[in-house]
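Okay, so here's the structure we're looking at.
We call the chains A, B, C, D and E, going by the order they appear; numbering starts again at 1 in every chain.
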């Protein structure tokens, strides 16, 4: 069962990721990313993390990707992106290095974990009382401080949105200054 | 029959590498950013897999934090991209070349 | 009384008023600086008086832990090698300042830098802690760079940058070697130290010694400069203002051979013997090469600069004769070269101030209108070509004597430098001062009283040393003999037996109680 | 009095020290001060001599230590003065002739604006010369040696506004410096082998030098002597040195400094004798120089240059004598030569004085009428030099030539006779060209004032008498006096009888003069007739066989070429490497725009590349 | 239900103070109408002062080595780094305040962001758990992205987007490294990781990969070559005051975390990471030194020089353990002082916004503004490593540490590279002191009524010199702080 689900979803996962890369249209790319996020969510479930499964779908695939799509629409950048590569050798090198990265990780995993190693039993004990509850126990005891830190992170994110996105359009005087700056930077 | 942990890990590696390649080959800042999200997601997968392997929830907690971080990053990133777009009317990163040398 | 500390840091006291005192007009700034320098000269003479001429080891040693965590201490002292360089420094600085008395351009900054430079030069001559030495040695660069670059002439920027980078490049090797030595002290004594006296006790393998020796030598050779590392010198000397040239020639060039005496011989006696002959050859090549190239110059300052290459070759040759005569001669020669070349640059500065040219093709006949200036230049020239009765001869003769004892053929070749020196120096003198005087030079005035005050003390010193060098030599000799005995005493393979030979040569120093020399066999 | 020997050099030094700064204020009085001080030094020398003579011959050597000079390691050199017959002979010559020439100079230089400086240098010269001859130590001797070179430089270039004078001064200094450098090496070598530089230690027979060492040392000393005494092959500076004022030529380049080489050889004779080749070489150089310079002198039209070559020739004879171990003979000739050559120079100085600095013989002639007194002095000097008895030159030269004959070196004897003959010719030639015949260049000429004639009279007296008084026989007064230093003369066996020698000597001298009379004196032949008839030979003679030109070429062409090449090497190769290194680093920095292209994706690529390589590296270590 | 953990917040009091400051500033800015920027500045500085006092009080901390369930270390290392960062933050605030006032870009968020950035930095320096390291890294990064893009200039925005994209890219690698570390040891706590790895001879493969990925992430943050590529663009594009703060503080914070991670968690793998650090150091010093030569913009030039300086700190780190840490820390403190000063001086030369940052504008500066030229010269000499400025002692320190660890070739490379580097520092000095601007291009220094930034820069110069002449003042402290225990 476990194995079957994995082998069904793993190709989908990879395929959706590849498809995302090949889409000229940003909206389509985003949709493929959503697919990918779903597949990963499934793996979460398989790995005994139903809470993360839910979070993944609700927050990630839901909220975050919607935000993405929203921005894409807002900016009107859903035009087709030219996939012609300007930088010589970029694509080839990217693929070579990507493959190399996979090879390196695979090698390390083979040596460090072993290809055939299965997950040990007893995860149910860890998830005692339900995954969400167990997770909460760990999160709010052992990891409560990092949890607090994330609040600061979110505040910063909020400020960022305030500063950058809610910025009034530059006033004419500033435009001039900008022009000058631009020239200076070029020079 | 459980799936070997290594399979998840290697899958995670493949997804991570794909995200990496995406960053390198795409020109739209938003898509590049999506590729980064893909990377983070791949890492989350391996975190959860390790969590399973160790019979320990730290990995899941970490993945949880990672998602929070991703969310915050998305906010900041999108804000930055939007602000650049306003100045330049383009999300093509190849055009952002005022600074170089 | 902390003589040396007072000596080194007294000039610094003059800097805050220069920079902060609003009422410091140019004239007052000059007077203040001169006053400070003269006071320092007085201190230097005090040091000379306190100095016990019969002793070989370091005297007036002061030690204050500075950064004890890494074994860096403020450790200063003088011995026969440094005492005269110290006095020379304190002597030349006010004189060089007087020579720049007409300066109108950014006077206060110039004065401040001069004082800083004096401190730094003095510091590098008295430091007995290797890192402290290196610190002073490197700290020379900033003020010197600015002195050349801001107040120089012609291609001053090129010259200043070249000087700085070249010297930094050389000292790069020294730094690594010093750090390596520190590493060895920390290995062998259990506690790292930059104290020269402790590093002497290190036991280093021959291969190690050789590499370290080379590192030190290359770094110092740039400063000397030894052929073929000399090309910064003509540029720097030529473009520097008079003060800069004098300080460069009289003092900074001495840091190189001084470092060789102090470090290369002391720390790596075995390697010193191994390389002595090769270095001698290099020195002689430099002597001849510098002389021949000097002959081809048209700029009189550049010519003198190349003559320094030649003369410093004698110094290096003397050091690496590893004989007491040669080494004492080298030390003498350092002092003498400082005086004579210093005076040459001073005189050239005076010529330039009047004629606004240093091209010997344009100059000529100036002696008729400025006989005193010509006389000053001539005395410097004669000293520079080693006329007995003037200072340079004493050193040169002893170097040749030592060289003959060590490598007769090198001595013979070096002597050719004496002949060549006469050729180019007299030719320079002739082209500058002799012959019919050009119409536009007819109205030139002879030396002013201020300029006489610049020239006469130097001339007097040159004559005094030439005729009666004993006070100088008597203070140098014990140290050279100690070092020669040290260098020779070490048999191949037993280099630096911990606490051994050097201890018996210089019994004043005993390693501190906490430091236990490692057994001989433990050395790498 | 011997303890006060230091006074002898100190007096002229004091003169220099006083006159140099105060020269302008003293004006012409400077000359009197200078003369008085040298005179006082002469008096002091006489006093010391008197005391010396009062001692038994064997004890006539005293060393006066003034102070320790240089000491380092095992080396030590003191300022010590030596009072012995040889040094006193030299000191007397220096101070005596020196005083007279000073006196002469008072008049001669009276109108020069820089008269003060002249006498300061002149006094300084006497000081250094006295240091040279009184030194008891090679290093101190070297000090004097270089010091006189310096004064020679200063005085040759006294009129430095004249480029010729400036160049000549430099040339003199540099050429002698070559010899001096060798001398210095010789001194160093001597110290290495003998462990001391003191005459009493080194020359007293206390130290044994190996033959090789002695040869090396003596050859190096000889090189020094050759340079200073303008012998072959370092002679080229002497004729040019005549650019200096005539008193300078008289004192420095005739009477004293140039004979320092002879003094050195005589002084160091124990070392020379310890070597098998040194003395023969001295002999050969001397003989060669004597003949060479004599011939060259004949080709000169400048009276001072002619005299300069004659000086060289005479010193050649002194070397020749020294080379035969006839040290007292060399010294006798030195003493006699000092007086008659000074006389010759000064009287030609009179001529120049009278003719407005004219030195060209072709523009003289018939001067005996306008300046009869001077003509007399010149004639005395010339005849003394030519060896006409009973003037001093006759004895001095005759002894040497005769000695050559008895020492079994017949060829040397013949050649020496030839040299003597040539010297008679060359010295009679200017005599006749200048004073005989008719004026070839009409113009005012006047006799020198009395103040300049008195020293000449005294020198003339010396030229007449010294030979006969000091060296009536080879083992004469001087020889006896010097014997504690030089040892007894060792005559060889055989050779022609004395009478024959005498006759030959006479014939040579008279024949030479006669030949000169025939060629130039009778008025029938113009001075330029000979060059016109035999232009090539005359050219060879006038250019002294083109040796000088050869040297000049060597310096100009290969020497300067080497210099230019090295300078180029310095600029391009040595410095070029440095600048090239800098340029290469700067060039390397030009990849910056390539790496830092502004493309964020390129940056990411580089990032990934770095990460992959890093992981690969780490992976390889697993 | 969920047991409340025993909490002792004293060891994180500085962080709390900083976060609180940020929040207070934010609230004040949002709700107090027309609040004066100076007031915000005052509040922020007060917060920093509290944080500084709080960290000082930890010097004598007697409690457990790590607190909050092993999330945060309470050691002297942290104290020293925090103090440095807080001081840097204060300078950044002062310079930034001035900058924003002059350029008219001032907003209250600036003060909050700077406080949050400082919070992230101090936190990363004391984080004893990779999760906290990651989160703190994100806090500081996100703050800096925003600060970089704070201006309305194209350059600023472009810098922000480049910084952001590459930063996110690198944090993905970093996070992957965290994951691998967790996978290898089952924990993210540095001490636990170290214990898990200690003595293990095999099965370290995942840990080694983790090491590699973490190193990449840190190398990016400290701008070590070849992960430095963002540095020149971002330094040039960001507002100068931000650049000053960023260049100093990021380096200190990221290096502090790197030191901790390497010497605590990965200490058992020292054999593996030392060559990595070696190579990064060598590449950085060479790349930074050589590439800077061709630069014509002073901010870019300083950016490349910061790459080289990252290499020098790494050189010190090659010596694992206390020695290297102390040397590296000293270097960081000195570097912070001189680079803040240098950028501060550059900011003052610009006088308003981002003008006159091209080198040509510096010609003849010593005539127009001798004080600025003199101060900048002190910083440049210090950066070039010429005594008696701090840069010299700092360099000697790291080289000494490297040689002590047997890495003398690295020291030699470093020393030679610093000669090359000296060239471009000297070039600026040459321009300022030895050349005159051509008549027309002469740029006047606008009169600036406030003395504050000058005082700040002068104080930094004084620090630079005092550290150079009396390094012992600090070194003792640092050696006490160089011991990382767990």
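Odds and ends about this structure:
One rule holds in what follows: a contact is a pair of C-beta atoms (placed from the backbone, for glycine too) under 8 Å apart; a residue touches a chain by one contact, two chains touch by 3 or more.
The structure presented is a predicted model; accordingly, all values stated were derived computationally and were not measured.
The minimum number of touch steps separating chain C from chain D is 1. The chains in contact with chain A as well as with chain B are D, E.
Chain centres here are means of the Cα atoms, and by that rule the chain farthest away from chain D is A.
Core chain by CA centroid proximity to the global CA centroid: C. In whole angstrom, the spacing between the mean C-alpha positions of chain B and chain E is 26. Work out the mean CA point of chain B and of chain D, and you get 96 Å between them.
Centre-to-centre separation of chain D and chain E, using mean CA positions: 77 Å.
Here the spacing of chain B and chain C, counted between their Cα centres, is 63 Å.
Counting partner chains per residue, chain C has residues 165 touching two or more of them.
Of all residues in chain E, those that touch two or more other chains are 131, 135, 138, 142, 145-146, 149, 152, 154-155, 160-162, 165, 169, 180, 183, 204-205, 208-209, 232-233, 236-237, 294-295, 423. Among the residues of chain B, those touching two or more other chains are numbered 9, 16, 19-20, 23-25, 27, 32-33, 42, 49, 53, 56, 58, 61, 65, 69, 72-73, 76, 79-81, 83, 93-94, 96, 98-101.
Across the whole structure, chains are in contact as follows: A-B, A-D, A-E, B-D, B-E, C-D, C-E, D-E. The residues of chain A lying in touch with chain E in their complex are 104-105, 107-109, 111-113, 136-137, 140-146, 149-150, 152-153, 155-157, 159-160, 162-164, 167, 170, 174, 177-178, 180-182, 184-185, 187.
By the touch rule above, chain E contacts chain A in their complex via residues 2-3, 5, 7, 12, 19, 22-23, 26, 68-69, 71-72, 104, 107, 109, 112-113, 116, 119-120, 123, 129, 131-132, 135-136, 138-139, 142-143, 145-146, 149-150, 152-155, 160, 180, 183-184, 203-209, 236-237, 353-355, 357-358. The part of chain E that touches chain B in the complex is made up of residues 131, 134-135, 138, 142, 145-146, 149, 152, 154-155, 157-162, 164-165, 168-169, 171-172, 175-176, 178-180, 182-183, 186-188, 232-234, 236-237, 294-297, 300. Chain C meets chain E in the complex at residues 65-70, 72, 131, 134-136, 138-139, 141-142, 145-146, 149-150, 156-157, 160-161, 164-165, 168-169, 172-173, 175-176, 179-180, 182-183, 186, 192.
Listing the residues of chain E that touch chain C in their complex gives 326, 381, 385-388, 392-393, 396-397, 399-400, 403-404, 408, 411-412, 415-416, 418-419, 422-423, 426-427, 429-430, 433-435, 470-472, 475-476, 479.
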